Amino acid sequence: MVRLGIIGTGRIGRVHMAGIAQGSQNAVVKTAADPFLDEKTAQWAKSIGVERTTTDYREILEDPEIDGVLICSSTDTHSRISLEAIKAGKHVFCEKPIDHDVQKIKEVIQALEGTKIKYQVGFNRRFDHNFEALHRAVVEKKIGRPEVIKITSRDPEPPGIDYVKVSGGMFLDMTIHDFDMVRYLAGCDATEIYVQSANLVDPQIKEAGDVDTAVIVLQMENGAIAVIDNSRRAVYGYDQRAEVFGSLGMAAVSNDSDSSLVISNSEGVTGEKPQFFFLERYMEAYKKEIKAFTDAIEKDTETPLGVYDGLKPVLMGLAAKRSLKEHRPVKVEEIMKEEGID
Amino acid sequence: MVRLGIIGTGRIGRVHMAGIAQGSQNAVVKTAADPFLDEKTAQWAKSIGVERTTTDYREILEDPEIDGVLICSSTDTHSRISLEAIKAGKHVFCEKPIDHDVQKIKEVIQALEGTKIKYQVGFNRRFDHNFEALHRAVVEKKIGRPEVIKITSRDPEPPGIDYVKVSGGMFLDMTIHDFDMVRYLAGCDATEIYVQSANLVDPQIKEAGDVDTAVIVLQMENGAIAVIDNSRRAVYGYDQRAEVFGSLGMAAVSNDSDSSLVISNSEGVTGEKPQFFFLERYMEAYKKEIKAFTDAIEKDTETPLGVYDGLKPVLMGLAAKRSLKEHRPVKVEEIMKEEGID
Amino acid sequence: MVRLGIIGTGRIGRVHMAGIAQGSQNAVVKTAADPFLDEKTAQWAKSIGVERTTTDYREILEDPEIDGVLICSSTDTHSRISLEAIKAGKHVFCEKPIDHDVQKIKEVIQALEGTKIKYQVGFNRRFDHNFEALHRAVVEKKIGRPEVIKITSRDPEPPGIDYVKVSGGMFLDMTIHDFDMVRYLAGCDATEIYVQSANLVDPQIKEAGDVDTAVIVLQMENGAIAVIDNSRRAVYGYDQRAEVFGSLGMAAVSNDSDSSLVISNSEGVTGEKPQFFFLERYMEAYKKEIKAFTDAIEKDTETPLGVYDGLKPVLMGLAAKRSLKEHRPVKVEEIMKEEGID
Amino acid sequence: MVRLGIIGTGRIGRVHMAGIAQGSQNAVVKTAADPFLDEKTAQWAKSIGVERTTTDYREILEDPEIDGVLICSSTDTHSRISLEAIKAGKHVFCEKPIDHDVQKIKEVIQALEGTKIKYQVGFNRRFDHNFEALHRAVVEKKIGRPEVIKITSRDPEPPGIDYVKVSGGMFLDMTIHDFDMVRYLAGCDATEIYVQSANLVDPQIKEAGDVDTAVIVLQMENGAIAVIDNSRRAVYGYDQRAEVFGSLGMAAVSNDSDSSLVISNSEGVTGEKPQFFFLERYMEAYKKEIKAFTDAIEKDTETPLGVYDGLKPVLMGLAAKRSLKEHRPVKVEEIMKEEGID
């Protein structure tokens, strides 16, 4: 039995707590910590089997009974708490992104060197049943050599403007998932990124210095071309599709709906919308990523998404930001050199 | 917190145990009983949080801490244990069918009279997300007045011949779920049943006196005509679809697959098969039916599927058996009169 | 070049005229005849290349230049004009049904004996791209041995009540197409028919002694069970689907729409309705059946749908009518014996 | 009745001849001309009703009975024959592209000035039932303001290498259709184009100085971003899809297949491939574009695709070629200025 501590009891922290409570056979949450922990959350946590709650996450790091921590706090604390947890000898599951600052990710990489600590980054979509099936089709060469990879990723509604301001921009906040997905599906890294973006959804986002609509083209190491299209607002729900076209065919996955109900009437033939947002679409994926983390601890194997998998999408996000700013294709290597990554 | 005992730790008993362990917020399994309980099952039960295991189900009935029982034993014991559990003052969730013998169901009905005991029958499909959505569309008059109801229900492979022999025949074993579904979708009872059946799957089934393929036509009280088609073997998986056609349109639900993956290649455009069988397709439905049962206990409300919902499909199954034997449409009333039901 | 005469310039006569004008490489319409031919139709016929128009169909029968006739007049004249055309040595394409009276069909059969005259019946659906593909899948054993055949056939709106009165009843007027389709898909005849029917669409239809909704179960010679469901009114359009389930899988075809457009919005994901009615859905099939007829003439081969293919669905319709009247399964042989068919 | 001459009896010339013979109510082909006209083609033309055939297209231009010409000769002759036809007072339907050289298109524009000659360019896809439905959905504001437009356009197999060498490159030969489609769907012009391309299909194409795979990003005047993905080889057939995402939803169209047949077996659930290539997919569109041309002549209205609609995609193709060469986003205005277009 793997004993976990959860740091941060906001939405994603509670998702993991509930997921472990309901679905996990080999893990329990011993302690949940949050500086702003309220009574309601504390009671709820206990009702689903969490042993302790605290406002001080250091209790978790200092608890010898705890094997691993889930860092679900705000992004700006991810790298710092990662370092502390590594120092305390805890295995680490860190929500994405590790940091927006590459230098801080490098510190985490250095801290991990020579340790036996498992480190996993929270790119949950790799654990979605559809994307897993698509990845498997590619790996099993069902479509030959990948040539064009297409990802559609649209949120149902934009985040609050306060969040947008601290989000690091759409590319580091939202597209970062798609950058990870491109790497997962292509089986290699991107070498160059070009961004065409727009402000079409909410003028406040523009005022905050961010964009809300984008098409991003990526040159992949294996010769394939990838393209991501993003929007912060799809009125029909969370649109999460992908397609890999290759020398022997095409593999594609579409959205999940709450049911397969189709109504035919005088207006047309109408099926359900895609599930509303990530909590609906990816609930099972959240459980599975934690299961992968605790399995890696239990069986002493590699986590499926290590610290470098956390670094790469950040480098891609920085290249995308520069492409947006300078309106030209930007090589990822350009960012890497500046950041001293090789 | 509702405390449950599970009687019978075969496949379906374990399904419910695991479901409650993983998903339920308001129930725990205190005790699991099975006369043939083996060590492996006992250990597994404990590992998922079941407090006690025993070979004697009477321990459950006598335990004052236990609120309700799940009767998951073999069909021939359902009505007897129901009676004992009612006598012991336990709420009862009984796997389908209550009994093949209408008189024994009548005894259960009589035993329940005047008590406050909740009784629920395990027609799990009503809790499937697709059938729930279809039912809701009908109830909300999305398609007007129902006129033709079509149910396709095919198993991926026939049960073992030993099971066939004690199953009560396909209509009481397999079609009984579809009889319940017809009632659920039509919102009323069937008045007459006609069966056209065949032995096309396995000659052993014929030797055992049963059929393996059938089309069943039902006249419904509300004027709609229903038709069920059954097969004991669909090589592409568990085929569970339904369609309700009405004065304002048609509502239909199809199968679930493990993913939405579609591969286009020189052979065609290929999606995944339906999920293999009932454990895959209805796992969530099993959790939801138990949740409905424990909610009814906790909130002192009616269960969604009472003892009469257990009786009616048996009457329909008996009418179907007579139609098969006498090759004519049989009124359900004919069976009811003979059984003294009004 | 095959030279044709068209007898009857009502809707279906004009469909064939237009089809031949637009699509046929090996046929021309020399003459079109109709006792009630109006000026407008005559001009239109000429504008699309018909050489002559007349109110007397005997001109066609007497014209030595004309190879074959298309009998598109009212049903009650089909058998009589067939006999005259055969006597005149013309090849005959006869719209369905040849007659409602089996004895009159027998006269046509007898008249054909010993002649080299090609006779084809207008069951156009066999030439629909979807049903052709389904039939091919069955013939090529893609699904093994057929076990359950399902046909859904619903009109978008009922015919006028005056038409209903002379139609011979839904089974001989509408279901007769489905009876042909069952034979086409099963590759054999039906031996027994059971009807469950209702009046749910229009009380006038009931007053006219007919039904508007039905489920029809058929036992096929090859052991398969077939089921047809009919309605005279599907508000979402002409619903023409079929499914053949067999030992190695299932083959199914669905409706055609005017386009593949799908709109996703806050209401759902909506595609187009099926095409409105038979003229939209089967226009290409009408062209192809005439092409098959003229090819048979030109190459001196068998027509794909001979006079017996015209007889059999009428026998099935009569069995269905008796099943409706006597509320019991009726063997087709029972009708055949009474009619002196063996 | 509009009398037409067809110049060029290669594949597309014969497609139009056959289309007019079969489907057109208001046009006939009087003369077909081709310098390399062979006996077989001449006979075939006559068999479908073409009055004359000749090796000298000037016979068509000089024939006072002919109202309009269809220029279906090789691309390098389009602009020259257009000029001659305009001078001869004939209405002109010109296959795409008018020319690869913008100056030559300008000459055609100048020649048309002040005349009443109808000029139509052969962007047939606008007449496809799916793209028409998509365009209508956008125009009718079903999805609000367009924000992201996506076009997938993949050929089933690359053209012969000799053709590639004279094709003007993939952007002017193949993508030019997609450039037109983007304009059609967006309802405005592109202002900037960025190309990411690759040679993944056939090394000979690279040797010929062309690419075979590309993702092309376009900034549209109305603020929308468009993206086209092209491949010269999709093993599953001709892949022609489009999607318009907007403020109120998404509209999408997919491929057509020969039938709706779906086979479910132990391998999966398999539907038909998209139709093989443009002759299958766009046959009806070819008929409809000629109908639009002859209607414009007959009713003296504007053609739906004038000479400027022929110019714009060429400008876009030239911008794409420059983007490929210089690896940067290229403003269409840059090309326009150089070419003296305003």
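We call the chains A, B, C and D, going by the order they appear; numbering starts again at 1 in every chain.
Operating definition for what follows: contacts are C-beta pairs under 8 Å (C-beta built on N, C-alpha and C of every residue); 3 or more make two chains touch, one makes a residue touch a chain.
Everything numeric in this text was worked out from a predicted model, so none of it was measured.
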| item | value |
| --- | --- |
| Pair from B-C, A-B or A-C with over half of its contact pairs in common with B-D | A-C |
| Chain whose Cα centroid lies at the greatest distance from that of chain B | D |
| Separation of mean Cα positions, chain D and chain C [Å, integer] | 40 |
| Distance from the mean Cα position of chain C to that of chain A, given in whole angstrom | 58 |
| Intercentroid distance (Cα basis), chain D paired with chain A, Å | 42 |
| Numbers and ranges of chain D residues touching at least 2 other chains | 234-236, 239, 248-250, 264-266, 272 |
| Complex contact set, residues of chain B against chain A | 22-23, 25, 47-48, 129-130, 132-134, 137, 142-143, 248-256, 258-266, 272 |
| Residue ranges of chain D in contact with chain A within the complex | 145, 147-148, 150, 154, 194, 196-198, 200-201, 213-215, 217, 219, 223-225, 227, 229, 231, 233-236, 239, 245, 247-250, 327-329 |
| Sites on chain C touched by chain A in the complex | 234-236, 239, 257, 264-274 |
